[in-house]
Every structure is written in structure tokens, then in C-alpha cells.
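Note that subunit A is present in both complexes that follow, paired respectively with subunit B and with subunit C.
Then we have the complex of A and B:
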């Protein structure tokens, strides 16, 4: 039975499931490092998922859909940037408004454009980049089957996400932009004093998180599901926030934490398939990612320290 | 110069009054305005849409009853979110606590069948408050002890609670038959409709009492709003709640336990949200099923913010959102505008209340005009 659960496919699905979480979590990392809380990741992801799908339905091009998902993410996150940076609004409340707005706009346009609520028609998806055969016997054949199964069967955004995680980690700690970003979240007044535009820096960070969360939405619809369903993000934006905290506000940490959640999700799906053997109601498996999020938050905080100025609007003086 | 200096205190007082009542009104008006621009820009007839919206929410006693019906749970969730806000806590998970409250009411209503209503109804109401509080307890402890953000934890508990209820109505608590729902609670466990309290003759004579589905829960809701107001204004509990929300460090220095106040605040918030679940079960559906709440917990956030977290202000704010939600169906039916527009208007209300600067800009401009006229 264990052999039915522990398969290459389980770990492959961990990478798949981790991808939207990781993209949003890295977006959250960048945004919070600049000093802006972004609980709107959920809504931005949903917006990206919808407009990505709509673009594919209109043009038949999945890559154009990916692009439009990111553009939509940037556009809706601009509202959050404007509210948080320029209007000094409560960032958590502004994020809540965007989550609701995303739910409303996607549902509204769904009915306006497609004439019905619920789920869109299926779209052309992005398939795996490589399609290698996993044949061959013996020990080496078995190793190849695992390596191929876990790492080489993925769709483009899954790999792009790994690259983004590595690049963001490097950029946050090794570039001038990264230094300024981190300083803005710790002590914006000091950054301002040396002539860096905090407003612009925070705007850029929020828009970047919007692009990443939009890309996460594209991964959900254009690579994983193949259609859009209302409210399909199902709390992933909030789990991504927890992943960012668990990853201690670093890009690679966010990716690692997302992998953990992805593995739990993959396990949950595997166990559901075996529900005739293990007689536990499926709802308990569906709860698993949310329970895990609470457990992870309970275990990690106190040791993880948020950027000092996160959530505080910055008021330029003079 | 001397004129403006003398005018300043009065003007400032006017500003604060205006900010208290004016900004919510302007926010709501702006949200409806932007909403109608969206309706118009999407190619619908905005005039017909608002006519239908009005007709469906205030067009007659039955429609007004529908508005009240939908405002009842919103008063509770608005109070819940607002009470949390007053302690500096954002209970985004009122929806989950509402589900647990509904569960407690639906279960006890059936278990206690046979007992008179004077015993059953209070037990159900208290139990649903306790269930809501219990669902907020772990997030509260995590917040107080280690600072885990209540936005994430209460949201996670909302999903967990919804799956729990979805399992119970399919599994252990399922009524016989095809539909996944619980057994209906007996009449003595239900909150009666307002029009059922009057004789047919009275209703004939006073047609404005024919409030359709509106039920006695509105009385409970208004009483609860007054109670929360009294607690916040006149009790130590409420004082500590406000003090911690205002400045936790100063409160701690003054000898208030911030941790304990946080736990109490989030649990009371959860209890209020739990009550929303019980009135929905006792007054509307008389049973529990998967979709028994149409996001009342989330709308409660908009209600609380529009009310500026004031318990009495929650009542008109809830009535506004109740009216929008009651009219949405008619709007979809008669003007073809998707009901989802209501979610957009809710989001805009939250946005405008949060981004007070936009609203204040309008207010200040009005003021400047007034002053330049005076000068």
C-alpha cells in the first residue's frame, strides 16, 4: 500500500502544487520586504487565473494567456499600491477589498462574457516541456524512472518558478535594488534620507508581487486545471502568506515552505484515491493543507521576525 | 486671520462629526456610483438596474422584509468583525465561526426536540455563541502567545470549518433522502416570522406588517448591537478592549494584560459571528446544509468598516448591504445584471472606507468651496 502512495508521481505533484503557492509567496516576500503587507495575493491570483483563461479563450494562445494573467495581476495590484503607499490606507483592509473585488469582477465578467456562472469552457493548456520515455530495466532504469518522474515531467511555469526563486533570492541579497528593498521594510525614513524614493520602491515591489501572483493564477488555469472556476484559488493566497512567513521572508525559504505544502496537497490527493482502503471521509483530506498551515504558523513564529516597518504607511516629511 | 482662528474649533468639531457620519455616507455613495459606472460600461441599462434593485429591496413590505431578513446575520457578523477591530484584531474568519454557530443550532434544535421553546431557543443561541467562540479560540491563543497573524489563522479555520460542516451534512448528521442536509428543527426551536405574530385581520388592516420572510431575529440582532455598545462604552471589558486596540504598549504599561484581552476579544468576536449562524438556521433555513451562508462573514467586514466599528452604526450598515443583497436578485431577473456586482460594490465600500484620503479629498474640497464663499 505504501508503494501505491510513495511514487515518483507524489513528489512530482509536490512540485506542481507548490508552484502557485511559491510564486505568490515570493511575491509576498518582495512586497513585505518593502514594508507593504499583501493579503490581496488570493484575489490577485484569482484575477490572473481568470484573465489568463479569458485571453486563451479569445486567442487560442496559452502563452498570450500567461502574459495577460501577469498584466491583470499588475493592474489589480496597482490599486493596492495606490491605497497602501499614496493614500496610507490600512494595508490589510485594502487587501481585503481587493480580494472581494477580484471575486466580484471575475464572477461578474464570467457571466457577462460567457453567459453563465461556474466554470469556463476548457482551454488550450501548456503541456510538459520534455516528454522522455521512462523505459529500461534494472537499478539504473528504476533510478531513471524516479528522476524522470519527479523532475522532468513538468510544465514550463514549474521550471520558471524555480528560476524565479533562485534569482529573487540572489537579487534580494546581492543587488542594490535588494538592499534598498530590505532597508525600506526595516527603516524607510533612513532610506528616504539617503535619497531613495520609498514611494516608488514600494510601488515597484507591490507591482512585482502582482505579476508573480498573476503568474501563479496562470499556472493554475493554463497548466494545471485547463479552465477557470469561480473562487478556484480556494485560500491559496493565504497559504502562500504563511509559506512566506515559514520561509522567513526569503525567496528560497518561500519556495521550500511551498514545497512542504505542495507535498501535503499531493499526499492528500493520493490518499483520496485510496479512500476505499483507508476509510476516512475525503473532507478530512481536503482540510489537510489548512490544518498544516495553522500548525506551521504555530511552530515557527517567534523565531521568524517580520520586517520592522511592515504594514506601516510611510509618510514623507518636508 | 482672526476670523479663521475663531472659527477653527467649531470647524474642527464639524469636521469630526462629518468624518464620523459623513465619510461612511460618502464612501457608500462613491461605491454605488462607481458600481453604476461599471454596470453602464458593461453595456447594461444602469437606470433599469437601479430601478430593479430598488424595487427588490424597498419596493413593498415583502421586499423590505427581505432586506431585513438579509440584514439580520450581517448585523451579527458586522458586530463580530467590528468588536475585533476595536481591539486591533482583524477577524477575517467570521464566516467559519458562523458555520460552527449554525452547526450548534441545527444539531441542538433536533436533539432537544420536545422541550418548550422558552428552554430550547436560549440554549441554541448560547450554544451557537460558544461554538463560534471555540472556533476562534485557537487563532486567539496563537495570536496572543506567539503573534501568529489572525488573518491567516482565522481564514484557515474558515476552510476547516466549512469542510467539517460539509462532511457532517453528508455523513453523520444527514437527513434521510437524497439532499445533503440535516433534519429540520421543530417549530418550537424556530424564530417565527414577524407577520406570523399578527392575526390575519391585523395584517389586512396594517399591510406594512406583511414583511414576508423577515423573522424575529432582527429583535435579537438589535438588542445584541445595543449590548455590545454598552459593553464597549461602559464596562471594564470593553474599556480594555478599546485600550488594547488603541495602544497595546500603553495598555500593557497601565496593567492591562494584552494577551488575555486579545484572547477575549477574538473569542467574543467569534461568539457574535456564531450567533449569525444560529439566526440563519433558526429563522430562515431551519436546518443546516453546505451553502447555508452566502458569505455573511465576509460581508460583515464591509458592514463593520462602513459602521466605523460602531455597534449601533452596524445596524444601518447591515441594512444597506441587506438591501443590496435583497435587490440583487430582482436586478438580475429584470435588468440582466449579474448579481456579482454586489460583491464589487462591497469591495468598493471597503476600499473607500480604508482609503479615507480619497473621501476626505472630496470633503475638503467642499469645505474649501464653502470657505471661499464665506470669504
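Then we have the complex of A and C:
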């Protein structure tokens, strides 16, 4: 029984499921570190997913689709940047507006361009980079089967995400950009008084989160599902926000938290086979990742300390 | 030729002319003290020089050349550095990170922390500003944080250093150290503009004194040509009593009774370790001590902002050990908090709204949960008038007041409430001499009316001139108690720094002034 649940495939699926969450979560980390709350991750991801798919449908090139998904993410996040940095609007309101906008625009364009709601035609996807055979017997053969199964069966963006997480972590703590980013979210006026442009820094951070969330959308459609369905992000943007908090506003922490949520998601699917044994509705299993989110946020991590100035528009003096 | 010259700088805010054709010169190696009443326009003028505010008229010259300063970046490039009235440090970052921020050494955008650290150490040694480069700002004392601010300006290559009320938050010991630093800076060829309200400091460090009133320069003098009384007159435009007379008063019923109080600080360490005392009606009891010896936590407990971990407190016989802030206000406790920004005011609220905080539930300002704007406005206008808060109207938001006027607003609200017990922590922080005189009179009036006053102050002069009894607090305990005529500054200072048994200040200093034990 347990052997059916704990398989290499379970952990491989954890990495797969974690990827869109982690990308958006790292985007959230960068954005919030600069002092801007980004609850628009959900909508940005959806936008990226849609335009990525549309680009692949139009050109047949999955990589071009990935690029367009990121461009779309950047474009829609520019609205958030303008509203929260320049107009000093409430960042939660602006983010909510973008989420609604993304839902509406993608649904509308779906009908306009493809003539029907629901799901697009299937698109050409990006497959696993490596296709190694998992043969060989004995203990070594078994180890190889696990290593290959867990780590070596993935699509490109899954690996790119790991690299992004490591690089972002390093950059936030070791580069000029990172130091200014961290300072900006804590005490923007202090950053201003040493001659660094807070508005520009926040713009860049919001756009970066847009690119990352767009890439998350591309991963969903161009690597995982192979088509676009309305509202297919299905709350992942919000779980990503939770992952960012759980990861204490760090890139690697965000990745780790996403991996945990990914594992919960994978487990949930595996546990469906238990349905015949213990009779509980399948929705209970579906709830698993969300329950985990709530439990984690409410209790396990204790009090997480957000950047001090997060959510506060910065106003220069007259 | 002056290093810095301001010609006819004018800055207008809605309803206020903060600076009106102000001209000022600063020579190389000179210390100019900028003096003036609260709201005279000192901070505004310096913010213009530093590029934080843009002037409506006039020009700035550096080394005789017109300088265009539209942003702090440009000011820094011209060699101007500023230590602000309210610090500009990023608390969770380290000393080094704060100092290099904006000018990080390194290649291709990667910071070379080794070089950064070395440069910080190098500058700190050159000017005698010892600091642990790896400490986090939030773990440093205020005096050390100020050091970081000065180092930051020096790191950025400042030739002109502006210090806006640098001593308002320092202990006397730290003030002496700061003066040493300032002198070594001018020896190295820097020029310093020094804003302060403390006249004895002006007399001690300034080469030249410029006095402002109502946005204009009203006079200029040198320490050798004047004295404190003369300066005060120049500032306020009338004679000021620097030390108010304290009439004898008789002790009434006990108002506050604290016994064996224990309390923890934010980090869960015991900060108040069994404190007992009482304050009776018609008496001013002062708690003297170097900051960080448990006074903050003690005050928090009394006003209901912190749960004591042991002991009891009674107000007029009523147990208030576990009272909330609300019930403590209702029981008649008023509180002037030491940090006006964090606890005294809602900076985004207007003055009238700030003035009814705490009274917003009581008639005549509100009945059945509804506010009565007319009553609020009437009261606000009266308080603003009585306490001489300089502002065009009660509709101005609090963050637009000058530092000293913000303080007056808090004092107006808390004393205006007419409490049974007034807990005043640093009540005159940042106030000019005239305003200090006024607040001292108010406190003594409360005393004359038979109210109890608990004063917590780092200013020994304030303590000595107001208190009937003085409790010296050191490391969470009351180590000595004096009556007013037993104490003088020297003895108080001795016990405040752990003298008389615990630890001598000089020993601590010989061990090296690095606060957080780094390997600088």
C-alpha cells in the first residue's frame, strides 16, 4: 500500500507542482522586499498562461510562448507598479483589480480569438530535457531508479526555477540591487536620503515579479497542461504568497515552502486511491494543500516579520 | 571663500512661510550653531540644502560656485552630509550595510563586503568613531546609531556636515563624546552646521551662532560675545527664565503606589527587577537614569501598555496592576511618551484628531459613540493657543508640524486632560527654551493643584529643577533615592552609571567603547 504512495513519482510531482508556486513566490519576495504588496500574482500568472498559449498557437514555438508569457506578465504588472508607486493607490485594491481584470481579459480574448469559452486547442509543449532509461537491477539499480525518477525527468522551466531561486537568494544578499531592495522595503526615506531612487527601485521590483509570475503561467500551460483553460491558475497565486511568507521573504525559503505545498498536492492525488479503502469524499484530499497553507500560516511558523514598510506608498516631501 | 553659502533662500508651505530670504555662510573648518524657536524653520532650511525640499527662491553656492541641488544625490555629490532629526537608518541591516548603502564598493553590481568593511573601519578609526561594523542597527543604542549616521555621511565624502538636533536623544556622556567627534571633524577640515535647543551646548562648541525666528535670520553672534540668557532673549524675543522657581508644596494623599514591580522587555529579559516607590499628590517624583536601565518598561507598566510579571500598582488605592491603557486613562493617568512619533501621535491625523485621542469616548467630545466636531474644534483651538503650537490651523496633519511643535501637541493633550497622575517621559525633548519654561510651569501647576507627577528624564537639569524626590534607576533597580536639596548633577551621574557599588563608568570605558563586542 505505502509502496504505491511513496514512489519516485510522488517526489517528482512535488518538484513539478512546486515550480509555478515557487516562481510566483520568488516574484512576491522581490516585490514585497521592495515595499510593495503584490496580491496580483494570481492574475499575472493567469495572464502569462493565456498569452503564452496564444503565442504558441500562433507561431508553433513553445519557447516563443514562454517569452510572450513573461512579456505579458511584465505588461500587466506595470499597471500595479503605476498604481501603487506613482498614484500611491492602496496596493491590495490595485492587486485585486488586476486579478479581476486578468480573469475578464483572458476570458474575453478567449471568445474573441478562438470563438468559444473554456479550453483552447492543445499546444506544442516543452518536454523533459533528459530521457534516460531507468534499468539495471540490484541496490544500485534501485537507487538510480529513484534519482532518475525524482530529479532527471523534468521539463526545462523546472530546472530554470531552481537556478532562479539560488541566484535570487544570492543576489538579494550580495549585490547592490539586493541591498537597496532590502533597505527600500524597510525604510524608503533612508534609501532616498542616500540618493537612491525609490520609485525606480520599486518599479523594477514589481516588473520582475511580473516576469516571474508570467513564467509561472508559461510553466502551467506550455509544460504541464498543454492548453489554456479559463481561471486555470485556480488560487496558485495566493498559495505562492503564502509560500513567500512561510519562506520568510527569502527566495530559497519561498522555494522550500513551495516544495512542501507541491508535495502536499502530489500526496493528495496519490491518496485518491485510498478512497476505496476509507470512504471519504475526494474533496477532502483536494483540500490538503490549502489546509496545510492555513495551518502553516496560522501556527507553525510563529510570527513572521514582514518588511517594515511593505504596503506603504512612498511619498517624497514637497 | 565660504564652503557653503545660502543666498536668500525662501520656502513656503501652505499657510506658512518656513524660510524667508535666509542667507547663511559657512567657512571651512567652522562650526556654526543654528538656533531658533520651535518652528523657526531650521530643519526646513537644512532640508533644502540637502535636496529633500526644493526652495521657492534663492540659491546655494558651494566654494563660490552656484550649486544645483534638487535631490539628496546631488547634495551628496557636492559633499554635503546630513544627520536627520529623526534617524534614517534601516534597522534590520548591519552597520556596514547602512553606511555603504547608495555607494557600495564592488564590481559589476556585486558588493565587495570585505572592502566595504575595511573602509568603514578605516573611517571610524580616522575620526575616532569606534563602532562594530557587523552589529545590526536595531541592537545599537541611540548614541551608537548616531555614530553610524555620522559615519554614513563621512563615507559618502561629506565636507559639510549638518547635524539636526543631534543631542536631543543623547545622555550627557554621549553628548561629550559627540563634541569630541565634532572637534576632530573640523580639525580634519570639515565644516559643521549644528542645530540644537540647548544653550550650554551652543556656548561649548560653536564658533559662530546664527539665530532664526519666524523663518528669518534675526541675529548672529559669537559665544565669547554673549551668554545663555542673551541667547535665549535673541531666540524668543523676550526674557526667558531658564530655571523656573519651585514653590514649596505639601505632600497630600498617596496617589501612586508601586510595590516590588517586575517586568520584561521586548526580548523577554527582565528589565524591571523589583521596584517599589510611591508618589503623593502635590509631589513631583523624578526617575533619573541612563536610557535602557528599565525606565521605559517601568513607565509602560504604569500606563497600562505592558503586563508586569510581578508586583502590584495602586492608583489612589485602586488596583491598576492589570489595567489596560484605556482603563488607566479613565482612572486618571496621563502619559507623555518618550517617543512622540511611535506613541504620542498619529502622524497622518490632523491636530484636532490628535488632541482628542484618549478622550474620544467622553463628553463633551462624544456621546453615544458619535463625535461632536464643534466641541472638538473648540477644544483644539484653545489647546493650540494655550500651548503655543505654531501652526496655521487645527486641520494641519501632525507630520507637517516641526519636531518641537509635535512635542507641544502631545504635552497639550496629556496635561490638558487634567489627570490625577501625570507620567511624563522626556516631556521637553526637542523643545526650545521658551517652550521648556512653559511646560515646566505647567508641570509645577499640576503639582500645586495637588496632582501627582512622575517625571522620567535624561536631562539632569530638568530633574533637579522640577523634582521633590529623585529615584536613580540602574539596571532595573532603584539604587538610590534623594530629596531635591541632597542631589546635584555630579552625584546623580555617579549613581546613574552604576557608581556606589556596581560598576564604574571609567572601567567600562577603558575596556573600549565598542558596544556590541565585535572584532573591529
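What we mean here is this: the second predicted complex is superposed on the first by the 310 of 318 C-alpha atoms of A that agree within 3 Å, B and C clash if a C-alpha of one lies under 4 Å from a C-alpha of the other, contacts with A are read in each partner's own complex, and residues count from 1 in each chain.
As a working rule, a residue touches a chain if its C-beta (ideal position, glycine included) is under 8 Å from a C-beta of that chain, and two chains touch if they have at least 3 such contacts.
Everything numeric here is computed off the predicted structure, so don't read it as measured data.
For subunit A, the partner that touches more of its residues is B, with subunit B and subunit C as the two candidates. In the superposed model, A:79 lies in contact with subunit B only, and not with subunit C. Using the contact criterion defined above for the overlaid structures, shared-chain residue A:9 touches neither subunit B nor subunit C, since it reaches no partner. Applying the stated contact rule after C-alpha superposition, one finds that A:238 touches subunit B and leaves subunit C untouched. In the overlay built on the shared chain, the residue A:179 is in contact with subunit C alone; subunit B does not reach it. Of the two partner chains, neither subunit B nor subunit C is touched by A:312. In the overlay built on the shared chain, the residue A:92 is in contact with subunit B alone; subunit C does not reach it. When the two structures are aligned on the shared chain, A:193 is found in touch with subunit C, with no touch to subunit B.
Interface of subunit A with subunit B (complex): residues 39, 79, 82-83, 86-90, 92-94, 96-101, 103-105, 107-108, 110-112, 117, 234-235, 238-239, 241-242, 245, 281, 283-284, 286-287, 290-291, 293-294, 297-298, 301-302. Remark: subunit C residues 13, 47, 50, 52-54, 71-77, 82, 84, 88-93, 97-98, 100-104, 106, 109-111, 113, 152, 156 touch subunit A in the complex. Taken in their complex, subunit A has these residues touching subunit C: 174-177, 179-180, 182-183, 186-187, 189-196, 308, 317-318.
Listing the residues of subunit B that touch subunit A in their complex gives 38, 42-43, 90, 92, 138-139, 142, 146-149, 151-153, 155-157, 159-160, 163-164, 166-167, 170-171, 298, 301-302, 305, 338, 340-348, 350-351, 353-358.
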